[in-house]
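Chain naming follows the written order as A, B and C, and within any one chain the residues start at number 1.
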Amino acid sequence: MLRHLFTLIWNRKRANLLLISEVFFSFVVLFGVGAVLITVGKNYFTPHGFNYEDVWRLEVRAGQGLKMPRAELDDVVRQVKALPGVRTVALTSGNLPFIFNTNNSAFAYKGKKSPPTNYYDADDHYLEATQLHLREGRWFTQTDDGSNHRPVVITQDLREILFGDEPALGKIFTFSEPGPNIKPEDEFQVMGVVDNVNMESDFSAPIPAMWKRLIPYDTTHWETASMLVRVAPGEGGVLQEKIARTVAGVTRQWTTEVRVVNDDRLHRRMFTLVPVVGLCIMGLFLIINVALGLFGVLWYNISQRRAEIGLRRAMGATGAGIGWQFLGEMMVVTTFGVVLGAVLAAQFPLLNAFDLPAEPYLLAIGAAALAVYLITALCAWQPSRLAAGIQPAVALREE
Amino acid sequence: MENLLATSPETRSQPAAGLGATPVLRLTNIEKVYQTKTIETVALNQVNLTINRGEFVSVMGPSGCGKSTLLSLMGLLDEPTSGTIEVDGRAVQSYSDRELAGLRNLKIGFVFQSYHLINDLSVVDNVEVPLLYRKSMGGRECRQRALAALDKVGLSARTGHFPSQLSGGQRQRVAIARALAGGPEIILADEPTGNLDSVMGEEIMDLLLGLNRQDGVTIVMVTHDEQQALKTQRVVRFFDGSQVG
Amino acid sequence: MLLSYLKIAWKVLMRRKFFTFISLFGVSFTLMILLVVMAMFDHLVGPGTPAKRVDRMLFVNVIRHQMVGGHGWMNMPASIHFVDDYVRKLKTPEKVGITTTSSNATAFTKSKLLALDLTYTDGNFWQIMDFDFVSGRAFTGEEVKSAQRVCVLNETTARNYFGTPDVVGRTIEIDLKRYRVAGVVRNVSAAHVYAYADVWVPYTLSPQFYKDNRLSGEFLVVLLAPSAQAVPAVREEYRQMVKRVEIPNPKEVQAIFSYADPVLASFTRAILNHQDQTVDDDNIDTFYFMVGGLALLFMLLPALNLVNLNVTRILERSGEIGVRKAFGAAGPDLVGQFLVENLVLALVGGLLGLGLAAGALALVNEAHPVAYAHFALSWRVFGWGMVLTLVFGLMSGVYPAWKMSRLNPVAALRGSGEQK
């Protein structure tokens, strides 16, 4: 029977070519939308690795070209920390969570090179402020003051890339291209390992990250001091104003910005959500369009092939058999389109496009194939039933 | 209204009277072979046929004898495998698709067994179809000619109807009006009464005979009906692709 | 002839309502999506409050510094020195105004933190842009010069801070500094990057207001040409002027490049420039090429769908095609007829799409993804929609029309779809 179907389709190849190309393009569209949705969805359900609730970012700016004396900055930190409702204040670098600001570089340990890795400055209170999940070792403490190398904490994925199964604590690594003279502060000694972290957006994949311990003299060339402030649950505008006024109380020259990290997160996710929703709407519309078109074409074909159907019935085919034949024909046509589409789609994981893992691509190929079969089956079902219901006597008389 | 049908003097002459006959269509040594991958079918074999101006010729023969092929060749819808077709003394084998279309438009009118009216157009719009492809003709003139042709077949009262609202005989009249509208040299009718009952068939036959006798229209008609064939001036018989009489 | 084609086209549309529905669905939704995208694009670069005279405006985003010895590039907006001593000296522009990209500022009401976008501008800015003032007025060049602490607010900020838009003369505290409100304007869409802000204050209050001879600062320059025709002349004079700019630190900076571009070119130059930055190319052709390609690609699937339907339905028309051929229609005549039919379909679909687009934009506006943006259909978008309709009609009509015109008339009259 299958052989018979293939012959039939081959003999009608011209007419079927259009159907096949339509199935092919639908597959490509579904694959594209599917790959995006699977990637984005998977990232959405991956934990962020830190607690963004009840954390504010506090940025104090001295203005371009103006220095930020350490004494006054210390004063600001101490006074803000003393405010009721403030749990802790951690000094960090400008690449705060969920804002469009990143610092990254590649690191290496004994020839093993990392992909671009986010690196942050962090002081001893950072762990408490962000509530990162410590897996091994410890966070920085004052006892690190005397350390010869720069104490760092890394994420689990960076640990796996650089150290594999070997113990990581105490190991020293550096930039992948460190230059001729490695400064001691560029020799990073692993103090601890935390769970994978995603500080980009709800829809981003975790990126390897590293926190370098802030050493005191760092702040003197700062124009902006960035801080993460953990506050008691339920704190709001009143405390934000208090913080701003506290900073102004230290120096009127500096400007202050206090923002809720969770608001930044919601703002940031719009930048992914809006295009993804747009893409889905477009994909959905294209698929509905194709489904209607396929349905129309198949339905029309059935009405054109009434004589053939009558003949087959006269020669002993059952109504159900005719129905299955038409459904089967469409499935074979679909298979051609899907195979072509899959060959194209397979290039993405093969060529490692967009540096994404192969898994979402393969899933997307599977999902797109399934969806295309489902859609064509649905479109072919009603016309096939129509074909099954044709009375042989009537059909033959028409001819 | 009558003279509207005869506006192009070079395409219309006096009814031919026996001797001084001029050929409208001449087929010389026509052969038509249908070639498929495996088999070769000879549809027409060495056909020589001349249709003179003002003649009413019927073509007879059993099914599959090549009558329809002959008619499509005469109508320039198809090309012979070998042999020449001359229209008004000019051989057409080197003509392009567009030139052939132009020739069909000017010189030839078709009447089909199953009418082939365009269901989406009203009667008068259907009759106008051949005139639409005459670029020089304005809309008003088209309309007038179409109405004149409909008048000729006795359907002036039904110009706004649609084919589905007409009886079979009426439909065939519309088809004849359409064939007449362009003022052709020759009308090719393929079993014009084949789909009609005998009364209606008779009416159509009378209409064609009238057109031939009174207006001098040249007609070639394929038919199965011996009675009808006998009413025409000349009968050409075919059997298995060859002319037998 | 055309009338007859149109008649037939209409009849064919009405004959099989289901097929007509499928075809119209495809055409209208395709065009709807394209029109929505286009309306957004038009909102971004077309004329609209306050940039009503955008066709006369040129924008300077950055000065590109080529560093000595291949040490790369530094791209920064202009300094006041550059604006005052070079741009304001140009002869062809009617006006030169400056603004900045908005920076974050904070104001506190009784219990709430107002996150504000604050922009520094000069007096000319208010004469180049046509803001809708709800009350009060813009600040003047004089007030800017004497660095008075005045500001203009948008309506929302005035309401949020004071509870009423009628606040001229009152004082607002932003980043713990006090400003007197000179005027209140209607909200400006955040998509209008050169005009958007919640609060505007004189540039002389900016921490970036340096009086030395550095070239880089934070100021975006807006030039107003006396007429749309004069735009190229202004552009050229600016280009010549940049060649004369004296580089204050020649040991570090080898050369500078800067261009005054119309609004779209100013985006495309920044976004699409990946090659050599010394080349003066605003990439607008590349942009149109890419956008056109994407639009075609997007239309491909619905067009293919329509082609498929049309080809399938050729049989339905075989009798008509046969008759027309027999009565003297040549191939091109038939191609013309079926193209007209498809264009009629596309046109009906296009008009439907226009209606759908209006509805979709109303939904988008309801969700306001961009602050204060109100997307709307304009005559320009409508015109482009019609062009797209035409392209779509041709894309989906040419192949079936060609196929139909090639039907063998003898076979067509017998009622089968055999090809010549």
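Here, a residue touches a chain if its C-beta (ideal position, glycine included) is under 8 Å from a C-beta of that chain, and two chains touch if they have at least 3 such contacts.
Every value quoted in this text rests on a predicted model; they were computed, and no experiment measured them.
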Could you name the chain whose CA centroid falls nearest to the centroid of all protein CA atoms?
C
From chain B, which chain is the farthest off, judged by mean CA positions?
A
Can you compute the centre-to-centre distance for chain B and chain C, using the mean CA position of each chain? Integer Å is fine.
61
Dist(centroid_CA(chain A), centroid_CA(chain C)) in Å evaluates to 29
Centre-of-Cα separation between chain B and chain A, whole angstrom:
72
Quick check: what residues of chain C touch more than one other chain, meaning two or more?
none
What are the residue numbers in chain A that touch two or more other chains?
none
In their complex, what parts of chain C are in touch with chain A?
18-19, 21-22, 25-26, 29-30, 33, 104-106, 108-109, 111-113, 115, 175-176, 207-208, 298, 300-302, 304-309, 311-313, 315, 369
Chain C residues touching chain B in their complex are 1, 3-4, 7-8, 11-12, 15, 319-320, 322-333, 409-410, 413
So in the complex, the part of chain A that touches chain C is made up of which residues?
15, 18-19, 21-22, 25-26, 29, 63-64, 236-238, 240-241, 244-245, 248, 252, 255-259, 270, 274, 281-282, 285-286, 288-290, 292-293, 295-297, 300-301, 304
Spell out the residues on chain B that touch chain C in their complex, using ranges where they run on.
72, 75, 77-78, 97-98, 101-106, 108-110, 112, 116-118, 120-121, 125, 128-130, 132-134, 139, 178, 182
